[in-house]
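Below you'll find a set of structures to go through.
The following pair of complexes shares a single chain, subunit A, combined with subunit B in the former and subunit C in the latter.
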Partner chain A sequence: MTTYFNEMYQDGAVRAPYARLNGWTNAMPAELRQMKQAEAEALFRRIGITFAVYGEGGDPDRLIPFDMFPRVFTAAEWSRLERGIKQRARALNAFLVDVYARGEIVRAGRIPARLVYQNEAYEKAVVGFRPPKGVYSHIVGIDLVRTGPDDFFVLEDNCRTPSGVSYMLENREIMMRMFPDLFRENRIQPVDSYPEILRRTLASVAPLKCDREPTVVILTPGHFNSAYYEHSFLADLMGVELVEGQDLFVEGGFVWMRTTEGPKKVDVIYRRIDDAFLDPLCFRPDSMLGVPGLMDVYRSGGVTICSAPGAGVADDKAVYTYVPDMVRFYLGEEPILQNVPTWLCGRADDLKYVLENLAELVVKEVHGSGGYGMLVGPRSTADQVEAFRHRIEADPENYIAQPTLALSTVPAFVDQGIAPRHVDLRPYCLVGERIELVPGGLTRVALKEGSLVVNSSQGGGVKDTWVLAE
Partner chain B sequence: MLSRTADNLYWIARYLERAETMARLLEVGSRIALLPGSGQGFRNEWDSLLQASGTADGFARKYGDPVQRNIESYLFFDHDNPSSVASCLTRARENARIVRTALTTQVWDALNTAFQELRQLERTPRSQAELARLTDWTMRTAALVRGAIDATLLRNDGWDFLHLGYHLERADNTARLMDVKYYVLLPRADFVGSGVDNYQWTTLLRAMSAHRAFHWAYGGEVTAAKIAHFLILNPQCPRSLISCAQGVTGHLDRLARGYDRSTAAQHQARALLGRLADTEVDEIFDEGMHDFLTRFIGEIAALGATVHESYLSGDAR
Partner chain C sequence: MILTVDHVTTYRYSAPVRAMVQSHRLTPAQFDGQKVLSWEVAVTEGTPGGAFRDGAGDLIQGWTVVGPIAEITVTVRGRVDTFDTAGVLRGHRATVNPCCYLRDTMRTRMDAALADLAAPVLDEVGPDDPLTRAHRLSAAVSDAILWQPGATQVQTTAAEALTRGAGVCQDHAHALIALARHAGLPARYVAGYMFTGDQPGEAAHAWTEIHIRGLGWVGFDPANRCCPDARYVRLGSGLDAQDAAPIRGIARGGADESMDVAVAVRAAQQ
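Take a look at the complex of A and B:
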């Protein structure tokens, strides 16, 4: 029987950051809790944050369940996390600049050339191009899990377009509206500066050809996208236009947007569409979401694309295993945050170990996301394990395996009252002229009893995440 | 402002106005149906409603004979009918979701709440959803959204595009409602001036919530000339053609000032308004009401096309 680290209760006592929450829950009768829960749901629905899962049918306006029980970090815990996250974001960007330039890390034999240059996410179209300020990934979402008081592990890096930050902001907004007393009693660091910092970050990487206050836009695939709410939410809070591909066109070496007053020049594009759809002339010719000619303007320094095309090569699950080496190689520092031990099924020794211990491991597709196409060994039937074994044997390169982590738990409100549920954490690190991190992030919680999968597409919920002031 | 955003705002207003017109039509229909002996019985009256709303063909394909219950469903709930109240409100809300950033929370709230209520209504057994309740709800909803727009929205170009949508749609709808009266409800010339004729005029006024207003403004006998003046040429009547033309012209002028440039739309709108202002009721009857209205509907559509080209298509230079 695995024991899990409970972030609130340790050895029968309440841990310090949760001290005041103890009294809060004790003083809250069940009826009040249900009332508040209903109120929270109504608020989310009225704001319009809903979440559509592709291909699942059902209610297109589904809500991600919001659990009112907050998750709390002390200032000291956070300060270590912050240093680790920023360090990792710097190393990932150094790696990206390197592999699209001389590839020193490959020459030094620290990472196999095949993993980089034959990676699907390696973008030949930007080889030799250095984006403004040498930043490829401007918003780095780093997924963390915790297994003990001081044991944090990075589960994966998201260097392309990590989503979910709107929940971080809205969860806080709703908690403050529903429980103002909590915020008077606890000294909780605010997160609402995120949109302003994001805008500043994006403006700081404007192309050299831009000689005035840069025009920033968010490029969305459109309102059918499941994250559309987030796109429009961020555009609103930053005070920038939310554009679709059809709103932009290329002329005279610049990108323009179609406005009621005629064309307006665009300097920085925060894109929320994948590389493959950015420019039909450069990538997928059938893309209707992108802007023909965009990549030419990008490479000639007429516009900045955030995150830069090609950034995906750094957040691949196989490349992930080498991030600690990147930290040492580029920064000359020891990594502050640990990786989860990972076996690459593409390596013969690793594959052997994985196949022998399949029932104890978590196996993921290298390019998978969203909790799809993965095996959680200890929670699967023998048949499922065997079926997965065949998939791995057929294409070992496509899989990695990790031990089943004893994910920490935080109390959550469930039907029976309050019970511990497993959580992870995604903070959003912003990289431009400076590297910045707001004190908070998105805590996802597996609301099904015993479940370790926190993805919203698999029954996960979200919590407000607090970082206490000193 | 992005052209696509402006286009969305413009259509939010047009859909809302159209939903309201549908509700008004349904109300007229149910009133007429309550009366004995108006022409050839209820069937004819309901049919004229379908003609008025431009949905007769679609209805005939789906249901065949105009039965009241089916017509109510078709004009209110049916998503196969692009002009039904449900279709219009759903699309208005979808457009609003796309341009959330150009709306205030209050406007979004009003639209989104309307959409959630609509979904409730759609789940209500039809036997419990009386027509009067449905039409009242639609008009209240439209009023709530309009109120939220007027009370909270920034007076920027987006506000102008919303109101261009409202006024153009309303001009078209008023003209169509009157045309029905003259062309469909009254197919035979010998009805003119009869009791039937007056009753139908009164119903038309009721449909535009202008019954009392008319009496305040004119008093005395209801005559075709007075009503034509009221609904076409009187700037005091909020739904009159001239009020709508003034609204369009005013908002286009605001846009021209704000953008510091004028387009073909401004010239066209002013010309239309100028012609209306110079028109006398006698001239309308001389031309023939139906011909006059047909010409007007064409002119409004042409103005809409010019607004589209000048601002909404994204091809402005």
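Take a look at the complex of A and C:
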């Protein structure tokens, strides 16, 4: 029987960061809790924050469940996480700069050439181009899980356009509105500076050619995208324009935005669309979402695209296994945050081990995301395990496997009262002229009893995440 | 050999379009096999955008035309001094790792028939002799696909051209790329011009480059059963014809487009 680290209760006692929450829940009668839960739901519904689930059909405006019980870190816990996250973000960007230049890490034999140069996310089109300040991934979302008081593991890196930060901000907003007393009793570090730091980060990577206050825009694929709410939310909070491809055009080596006062030059594009759709003259010719000619302007230094096209080669699940090596290779430091041990099914020895121990492992597709196309061995039937075995055997390169981690739990409000539920954490590290991290992130919680899958597409919810002041 | 190139592309629209954007890979690079004496690209009413040399060593230049306009002409004129290097691309600056050219695309995807075409060559010539393998694969493509203008279209894949048994230089190049990558050799599509003299052939031409350890990139032209020599002017490369296209463009305004291309390559009188 696996034991799980409970972040609130340890050895029958309440851990220090949760001390004040103990009294809070004890003093809350069930009726009040139900009332508050209904209020939270109404608030989320009113502000329109909903999440459409890919490929599941049903209600596209379904609310992502919000659990009112906060998750709490001490300042000391956070300070170590912060150093580890920033270290990782620096290493990932150093890797990206390197593999689009001389590829020293490949030449040194530290990572196979095939994994980098034959990777679908590697963009030949940007080889030799160095983005402003040498930053490829400006918003690095690092998914972390915890298995003990001091044991954190990186589950995956998200170097392209990690989503979910709007939940971090809204969860806090709603908690403060509903439970102002909590915020008086606990000294909680604020997260509301995120949009301003994001804006500053984006402005700091404006092209050299920009000689005035940079104009930043967010490029969205449109309102049918599942994260559209977040795009408009961030544009609003940053005070920048939210645009679609058709609102932008290219002329004379620059990108322009159509406005009621005539064309306005755009310096930095925070894009929330994939590389393949950015520019039909460079990538997919049938794309209607992008801006024709954008990549020529980008590569001649007329505009900055965030994240930089090609950044995805650093966050693929096979490349992930090499991130600790990147930390050592580029920074000459020992990684502060550990990887989850990972078997690459493309390697014969690893594949053998995986197939022999399938029922114990978590298996994921190399390019998959959102909790789809994965097997959680211990939670699957023998038939499901066998079916997955055939998929792996048919295309081993496409799969990685990891041990089933004993994910920590945090109390959550459930029908029966309060019960432990498994959680993970996604902080959002901002990389521009400086590297910054607001004290907090998105805690996702598997609300189904016993479930280890926290993805919102698989019945996961979210929590407010507190970092206490010293 | 001094070659002059005249390359005129005319776009006509059924109704005036609001704007057009193009990305050009239309300027030859300097290397041991070619020295550019003069080169000029002009676009009717066009505004040039930023220019840069990409990681493959090709000069890329963006252009925009603001309408309304019903006809746009792209004119390329130049003189190049060319030298026979037996197909070997020497002195060409590029930073893209050759492994990138092992990735396939829709147009260069293998099928069973292409694999059958490669099999005897790969059986007879071992992987320790990649140059001979490349020559033999190129010959196999020449034998299997007859040169027949009009037999295929721009979208035709390597597999389709082989099934048809006929095609143009684009199809030969795609088929050879597919076979070379299948044999583990990085391969890419090269667009350029060719001086054909009195012979039939394509002045706007395409061939294949295969990366051979020790030699670097080497050109193979299965359409003409040879390696590129002083008759060839090299413009640029890519994973396939679309990726290497000398002109990629898009017009805004929703009118029907027709395109005329006239290419003349002449040997200058010494």
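In the analysis below, the second predicted complex is superposed on the first by the 470 of 470 C-alpha atoms of A that agree within 3 Å, B and C clash if a C-alpha of one lies under 4 Å from a C-alpha of the other, contacts with A are read in each partner's own complex, and residues count from 1 in each chain.
By our rule, contacts are C-beta pairs under 8 Å (C-beta built on N, C-alpha and C of every residue); 3 or more make two chains touch, one makes a residue touch a chain.
Bear in mind the structure is a predicted one, so any value in this text is a computation, not a measurement.
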item: When subunit B and subunit C are modelled together on subunit A, clash or fit; value: fit
item: Touching partner for A:111 - first (subunit B), second (subunit C), both, neither; value: neither
item: Touched partner set for A:282, first subunit B, second subunit C, both or neither; value: second
item: More subunit A residues in contact [subunit B versus subunit C]; value: C
item: Which superposed partner A:452 touches (first subunit B, second subunit C, both, neither); value: neither
item: Vertex subunit A; arms to subunit B and subunit C (CA centroids, nearest 10 degrees); value: 90
item: Touched partner set for A:292, first subunit B, second subunit C, both or neither; value: second
item: Touching partner for A:126 - first (subunit B), second (subunit C), both, neither; value: second
item: Which of subunit B and subunit C A:260 touches, first, second, both or neither; value: first
item: Smallest separation of CA atoms, subunit C relative to subunit B, angstrom; value: 9
item: Residue ranges of subunit A in contact with subunit C within the complex; value: 100-103, 106, 113-114, 116-118, 120, 122, 124-129, 249-253, 280-282, 285, 292-293, 295-297, 299-302
item: Subunit B residues within the subunit A interface of the complex; value: 1-6, 94, 97-98, 100-101, 105, 108-109, 112-113, 116, 157, 161, 255, 259, 261, 311-312, 314-317
item: Contacting residues of subunit C [partner subunit A, same complex]; value: 19, 21-23, 47-56, 60-62, 64, 66, 95-97, 99-100, 102-103, 239, 242, 248-250
item: Residues of subunit A that touch subunit B when the two form their complex; value: 45-48, 223, 228-229, 232-233, 235-236, 241-244, 246-247, 257-263
